[in-house]
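So that you can tell them apart, the chains are marked A, B, C and D in the order they are listed, and the count of residues begins at 1 in each.
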Amino acid sequence: MMVIILLGILGSTFLMVMAKRMPALIRSFCYQSFFLFLIIFITAFKENRLDLYVVAGLIFALKVLVIPYFLSSTATKIKVSESLGLFINSQLSLIIALVLTYFSWMFSKNLGFTGEYFSGIAITVAFSQVFIGAFLMISRMKAFTQVIGLLVMENGIFLLGVSIEEGMPFFVEIAIFFDVFVSVIVMGLFVYRINKLFTHIDVNRLSRLKG
Amino acid sequence: MQILFILTIPILLSVAVLFIKKQRVFGIVNSMGYLVILSASIILLKEIVSLRSSISYFGFIYLDILSAFFIFVVSVVAFAASLYSIDYIRKDTESGVISEKKAKIYYILFNLFCFSMLFVPALNNLGMLWVAIEMTTLISAFLVGFYNNKESVEAAWKYIIICSVGIIFALLGTILFSYAFSLSGGMKSLNWSDMVASAGKMDKNTLKIAFIFILVGYGTKAGLAPMHTWLPDAHSQAVAPISALLSGVLLKTAIYAIIRFGIITIKGVGFQYFSNLMILLGIISLAISCGFILVQKDLKRLLAYSSIEHVGIISIGLGIGGILGIGGAMLHVFNHAVTKSLMFFGAGNVVNKYRTHNMHVMRGVISTMPFTGFMLLMGAFAIAGMPPFSIFISEIMIICAAFLKGYYLVTFLLLGFIAIIFGAVVNHFSKSLFGNIPKGMAVVREPLSGKLAFLFLFVQICALGLVLPFIKKDLVWMVQTLFQG
Amino acid sequence: MRIFVLILQLVLFIGIAPFLSGLITKIKNNIRMRRGQSVFQPYYNLVKLFSKGEVISETASWIFKVTPFVVISSSLAAAILIPVCIFSSPMRYMGDFLALIFIFALGRFFLALSALDTGSSFGGMGSSREMFISSLVEPALLLVVFSISLQFGSTDISAFSGMHPVTVSSIVAALALFLVTIAETSRIPVDNQETHLELTMVHEAMVLEYSGRSLALIEMASYIKQMIMFFLIAQIIFPIAVPCFIDLAQMFLWIIWYIVRIIVIGVAVALVEVSITKMRLFRVTDYLGFAFVLGVIAVVCAILGV
Amino acid sequence: MLNLLSKQLFLFDPLSLFFLFVLSIISLPAAIYSFGYLKGEYSSTKTVLAWFLLFAFVLSMALVVTINNILIFLIAWEIMSLVSYFLVVFDTKHEKSIQAGTIYIVMTHIGTAFLIVAFMTMFKYANSFDFSAIKSACLLMPAQTRNIVFLLLLIGFGTKAGIVPLHIWLPYAHPQAPSHISSIMSGVMIKTAIYGIIRFVIFILGVNSSWWGVLVLILAVISCLVGVIYALMEHDIKRLLAYHSVENIGIILLGIGLAMFFLSINLPYLAVFSMIAGLYHLVNHAIFKGLLFLCAGSVYKATGTRDIEKLGGLIKNMPQTAAYFLVGAMAISALPPLNGFVSEWLTLQAFFLGAFNVMGGTKLFLGICAAMLALTSGLAAACFVKVFGITFLAQPRSHYAQNAKEVSLSMRAGMLFLSLLTIIFGLAAVIVMKLLAKVASAATCVDISDMSFALNNFTVSPQVGKSIYLSTPLLTFVLIVLGVTGFGIYRLFSREKVKSYSTWDCGYYKLDSRNEYTATAFSKPFRIAFSFFLLPYRKTQKIRESFYHIKSFAYETYTTKIFKKYIFDPVLALVFRSAKYMRRIQPGSIHLYLSYIFVTVLLLIIFMHRF
C-alpha cells in the first residue's frame, strides 16, 4: 500500500517534469502533495500519534488546497502565457529525472538504510524529489516553476523526515510549515512585483545584474 | 536574563513604529533601543566568559560563548546601522525616493530583521535554527527589494530563490543529523546540546553526507563560492544600512550555523573531514572573489565580493583549526562585520551623493565629503588587510595557523590572493577617493548621527588590534571549550 | 727636504709636459712629410696666452671662472700623488691609485660643467661627449688597476715605483692602459686635438669659450694629465725603481731615464695617431670595450700568475 | 603566536642606533625645510595634515629600526608603508600621484607578503617573536630552509629597497611626494629595507652559504647600472633622483653583499670592512640624496616645473640653491673630497682587499663587479653634469626659469645643514669609520677589538701592512693649496682686463636659449650606446606652413622600460585577462546560479570519501 503511494509520488513528480504548461504543473503538484498527505496520514494512523495527524492536516490544507489555489489564482491574475519555457525539452528532462532517481537510489543505498524495505524506497523517492525539484528550478524559465520546484524539494524533505525518524519535533514541524507558507506568499508577492515592473515573469531574462 | 531584553526590544520597537509619528524621533528611539541591546549583549558576553559555562532556558534557548559572541557581533552592527539609518532614511524621504509610510515599513522590517538575526544564535533547537535563518531571508528580501525598481526586485528575487534552495539543502542536512542522532541514542531531539553530547556515537557516513548538505545549504547563505551568486546582487541593491547588516552579520549567522553543525561533525567524524571541506570552499571563494574584485566597476558589488573573500578567509581559518585558526576566524568574524559595515555606510553616502554605483564616475570623494572619504580610505585599507587595523591581526593569525600546521599551499594561495585583492581594492578606491571633483559637485556637511555610526565602528576597527593581548585568554578558552572533548 | 722634492716633482711636470705634447706634434708632422712647428711651440703658446686678455661669455657664471683653477689643481694634485722623484713621498697618505682616478674625475666634472655654462651648443656637445667617453673609460681603467694591484697585493700608488717584474699580465695591462690613455688625452682615433671641425670635436669643443690665462691653465692641466698617464704606462712596461732616498745623482739619472721612457711612449702615441683615422663617436664603445676586454685578460693573467 | 608582549620590546644596539641617527639627521633638515616648502603650496588643513603625516612617518621608521619583535616589526613596517603611501598621494588632484601611490603600495605589500612567510618560518623554529630567541633558533634551521628564508627576505626587503627588477615603484612614487618627504623616503625609508637585510639576514639568520653574497652582489651590480642608465635618460629632476636611489642602493648592497660573502668564507676582518663601506655609503647617500631632493624641491617651488628641459640659468637667480645642489651633485658623483667619494673608495677597496684574499675565479668576479661600480660612478658623474648644467647653467630655457626667485630662509637652512654634513662626512672619514666599525661589528657579530682601520685621526688605512691610505683632509688641503697657487699665478699675470662679451655665435646673430644643448641631446650618446637595453624610439612631427617651409619641428624620444614592459605588464595583463574570463561565470542567469549549487552538492557527495 505504502509502496504504491510512494510510486504515486514519484509518478506525479515525473509528470511535473514532463509538464509544459502552468496548470498541468500545478495539478501534478497537487497530486504529489496529496500522496504525501496520505503517507503521513497512514503513518499517523498506524502509530496513533496526534501530532502526525495535525501535520497531515496541515499538509492537506496548505499544500493540496491553499498553495495551489494561491499559485493558480496569481497566475491568472497577472495574465501571462501559460507555457513554462523549457531549457531542456520534456523528453530529455524525463531521462535526466530518471538518472537522478537512479542516483538517489544509489545514494540511499550508500547511506546505509538497509533496514526496512519501505524506508529504503521512501528515502529514494524523497531524495529523487529533492533532486528533481532542484532540476525543475534550473531548467524552467518562469518564476512560478521556481516556486513549485522549491515546494517539490520541500515535499521531498518532509517525506524524508517522516520515513526515517517518524517526523521531527512537533513545534519544529509547525514552524517549518509556517515558514514554507510565508515563503510561498513572499515569493508570490515578488512574482507579482516582477510582472508589474518587467511585464513578464520570465526569470531567465532577469539579467541586469551580472559580474 | 539579558537575552530577554535582547529578544524583546526589537519586537517592541517594531510595534512602536506604528505609534510614534515623527520619523526622526523614532529613529533616535530606535537607536537607543539598540544601544540597550548592545549593552545587554556585552553583559551577557562578560557573564558567560566569567562563568565559563553556558546558560540554558527551557532547553529551547541555549547560550554558550559562541552564541554570546555572535549576539554581540550582531548587536554591534545593528546599533551602528540604526544610528546610520536615522539620517539615511530621512534624506531618502526628504528627497522623495520613498514615502513617509515606506519609511515606517522600513523601520518595522529593520527591527524584524535584527530580531531574527539575534534570535539565530540564541536557539538550541537546530530545526528552529533553520526556521530562524529562513526568516532572516524572507524579511531581508523585502529590504533588498525596498526601492522597488527593476534592479532591486531582480536582486530580491535571486536572493530569495537561491537562498531558499540553499537552505532547503540545509534542512535536508538537519534531518540527516537528527537521523544520525536518533540512530545513536534512540532519543528524539533536535537540540544541539544533546547532539553534541553523543556526537561520538553517531554514524560516520551519515554525518559526512549530512554535513555536506549543511555546508552547501548554509554556505549558500554565508556566501561561500560557488553558491555566492545571490550575494553581490542583493548587497548592491539593498538600502545602505541593510547592506551593512547583510554583509556584516547575516552572513555570519550562517557561519554560526555551520560552526554549530561543524562541531558535531568534528566530534563524530574527526577534524580532517571538516577541515578539508572548509578549506576547499574557502579557497574557491577567495579565488573567485579575487577575480571579480579586480575588474569590478560597481562600488557596492565590489564590497560584496570583498565579503565573499572574507567569508572565504573565515572558512579557511575554521578549516585549519587550532587556537590560532579558529581564534583568528572568530576575530575575523567580528572584524569583518565592523569594517564592512563601515564601508557600506560610506558607500551609501557616496552613492547618494554621486547618484551612481559606477566607480569610474566617482572622483574626488575625499574632497566632496571629507569625513566619509576619510572613513572610506581607512576602511579600504582595513578591509584589504593593512595594519594597524584589526583585520590584519586576524588575517595574520589565520595565515600563521596555516603555515604552522604545514598547509604550505594554502598559505601560499591565501597570501597571493590577499595581495592581489589588496592591490585591486587600493586601486579602485584610490581612484575614486582622490582625483578631481566632477563638475557641479558641492562640498557637503555630513549629518551627526551618520558620523557617530562611522566613529563607533572606526574606533573598533582601530582598537581591536590593541586589545588582543587582553582577550587572549578568553579567546583560547572559547576555542578550547567549543572544539575539544 | 721632502717638500723640496715634491716641488721639484711639480716643476718637473710643469716643465716637461708641454714639451711632450710638442714632441708628439712634431713627430706626427714629420711622419706626414711636413716640417711642422717647433717642439717648443706649446711653451710659446702658453706664454702668449698668459700675456693676452680674456673674454668671458655674458651668460657664464662663477662655475666658468673657477673651473680653470679646479682643473689645474686636480691635475697637479695627481702629479704630486704619484712617486716620480722619490719612493715614499709624504703625499702617499693622500690617497692611492683609486683616489687618482677620482681626482681626475674632479677636474673633468668641472670642465664639463663650464662647457655647458656658456650656453653655446659646442660646449654642450663637447661636454656630453667627454662625459660619455670618460664614463666608458672608467671600467677599463679600473681593471688595469685591479690587475696590477693583484700582482702587487695593494692598490698603493707605490705599485708604480717600478719594483716588480714585467709579466704577461702587466704587458696586457699596459696595452689596455695605452688604449685608455689615448681616449683620455683626446687623441686619434677617439678625438682629434688638431681639428676645429664641430662634428668631431670633443675636448676642444669643451674649452672653446676659454681664452687667455684661463685657457693657458686648462691647456697646462691637460699636458700634465697626459704626462701622468704616459708615466704610468712607462712604469708598468719598463719598470725602473724610483730612488728610495734623497740622492741627487741617483735622482738625476732616474729623471733622465724617466724622460727617455715617456718619449718612447710619446713616439708610440704619435705613430698610432698618424697610422689610423678617427672613429665615429659611437664606435668608441667598441674601442673601449676592447680595452675592457684587455683589462679582463690582464686580470686573468694576474690570477694565473703569469 | 599570542605571546605578543615580550619582555624587551625595543632594541638599542649599535645597528639600531645607527639607523636612528641616519633618520634623525635627515628628518631634522627636512622638517625645517618643510616650513618654507609647505607655505603657499597647500591649504592650511593640508599643511597640518602634512605635518602630522611627517611625524607619523618619522615615528614609524623609528619604530621599524628599533623594535625587537618580528610581529610588531611587521606592523610598524606596514604602517610605514601606509603613511608613506598617504604622502605619495598627498597631491590628490594629480592622476599621476594616485597611480604612483597605487603602484607603490601594491608592490610594497607584495614584498610584505614574502616577509610574512619568512617571518613565519622563523617563528616556526623559534616559537617566539623575539629577535634573540629567533637568532638562536636559526642555528638549528636546516640549510635548505635557511636558503628559502634568505630568498624570501631578499625579495621582501628588496622590493622596498628598490633592487632591480623590483624597483619599478620607486621612480613613480618618490617624485610624487612633497619634496621634503621625497628626501626622507629616498634618504631613509628605502634604507630601512637595508636595515632589514642586515638585521634579518646577517644578524639573525646568519650567512652560511657563499652564494647568498654572490647573489646580492649580482643584483647590486644590476641595480647600479640599470638605475644610473635610466637616470641618464630621465629629464624629470625628481624622477631622475629617484633612479639614482636605485643606483645607490645597489652600491650600498655591494658593500653589504661583500660582507655576506666574506662572512660565509670566514674572512671576518674583510666582512667588517665591507660592512663599514656599505653603511658609510648608506649614511652618505641619505645625506646627499636628501640634499638633492631638497634642492630639487626648491627648484620646483621656485619655477613650478620639474622638467629640466624647461629650466636653465638658475644659478643666477638662485645662487645658494645652486651651490647646495652642486655640493650634492659632486658628492653623488664621488668626487673628492666629499663623502660620496670616501664611501665609494671604501667599497672599491673592499673589492680589492677581497680579491687579494680569495682564490681563482672569484678574483675575476670581484674585479668585474668593481669595474661595474667604476662604470656606474662614471655614468653618475655624466648624469649630474647633465642635471646641474642644464638646470642651473647657461640661459633660461623658458619663462618658468626666467622668473625664479631664491627660496625662503627655512628651505635654505635645511639645504645648508645637509651640505655641511656632506662636507663633514667627507673630511671626518676616520672618525666616522671608527664609529661605523662598532656598528658593523654588532651587525656581523665579529669581534673588532684587534682590528684597526685607521692610521691616526686623519688617514684611513683599510688593512695594516698593505700601505693603502686615504686622507681626505690632506687631499683637500693639497687641492686647495694648488688651486690657490694657480689662482695666484693667474692674478700675477693680470695685466690685461677681463672682458665680458656674448658667447661666440659663429656669426649667427640671434644666439639665444634655443641654441643651447638640451638634456635630450646631452644623453643621446648614452642612449645610443645602451640602445640594446633602453630600446629607444622616437616620434617626429613636422608642422608645415607650406610644402617648402617647415614652421616647426617636434621631436620626442622615448625609451622602453623593459622591466615594466616585459615583466610586470604581461603579468598584470594576464591577471586581468583571467579575471575578465572569470566574470563570465556570473552572467546574471538565476538558473545557472541554481545549477552551481546543485552541481556543488552532487560533486561533494560523489567525492565525499576523498575528504
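One rule holds for everything that comes next: a residue touches a chain if its C-beta (ideal position, glycine included) is under 8 Å from a C-beta of that chain, and two chains touch if they have at least 3 such contacts.
None of these values were measured; they are calculated from a predicted model.
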item	value
Least step count from chain A to chain C, where 1 means the two chains touch	2
C-D against B-D, pair bridged by the larger set of C-beta contacts	C-D
Chain whose mean Cα position lies farthest from chain B	C
Centroid spacing, where centroids are CA-atom means, of chain A and chain B in whole angstrom	31
Chain centre separation in whole Å, for chain D relative to chain B (CA means)	44
Intercentroid distance (Cα basis), chain C paired with chain B, Å	78
Residues of chain A touching at least two other chains	134, 137, 146, 203, 206, 208-209, 211
Multi-partner residues of chain D (at least 2 other chains)	583, 586, 590, 594, 597, 605
Shared interface positions of chain B, touching two or more other chains	157-158, 161, 165, 169, 209, 232, 292, 295
Every chain pair meeting the contact rule	A-B, A-D, B-D, C-D
Touch list for chain B against partner chain D, complex	157-158, 161-162, 165-166, 169, 208-209, 212-213, 215-216, 220, 226-227, 229-230, 232, 272-273, 276-277, 280, 288, 290-292, 294-295, 323-324, 364, 366-367, 381, 386-388, 392, 396-397, 399-401, 403-404, 411-412, 415-416, 418-420, 422-423, 426-427, 430-431, 434-436, 465, 468-469, 472, 475-476
Residues of chain D defined as touching chain C within the complex	312-313, 315-316, 326, 330, 333-336, 341, 344-345, 348-349, 352, 355-356, 360-361, 363-364, 367-368, 370-375, 377-379, 381-382, 384-386, 388-390, 392-395, 455, 458-459, 466-471, 474-475, 478-480, 482-487, 489-490, 493-505, 511, 513, 515-518, 521-526, 528-529
Of chain D, residues touching chain A in the complex	583, 586-591, 594-595, 597-598, 602, 605
Touching residues on chain A, where the partner in the complex is chain B	110-112, 130, 134, 137, 143, 146, 150, 153-154, 157, 160-161, 164-166, 168-169, 171-173, 175-176, 178-179, 182-183, 186-187, 190, 193-194, 197-198, 203, 206, 208-209, 211
Touching residues on chain A, where the partner in the complex is chain D	87, 103, 107, 131, 134-135, 137-139, 141, 146, 203-204, 206-211
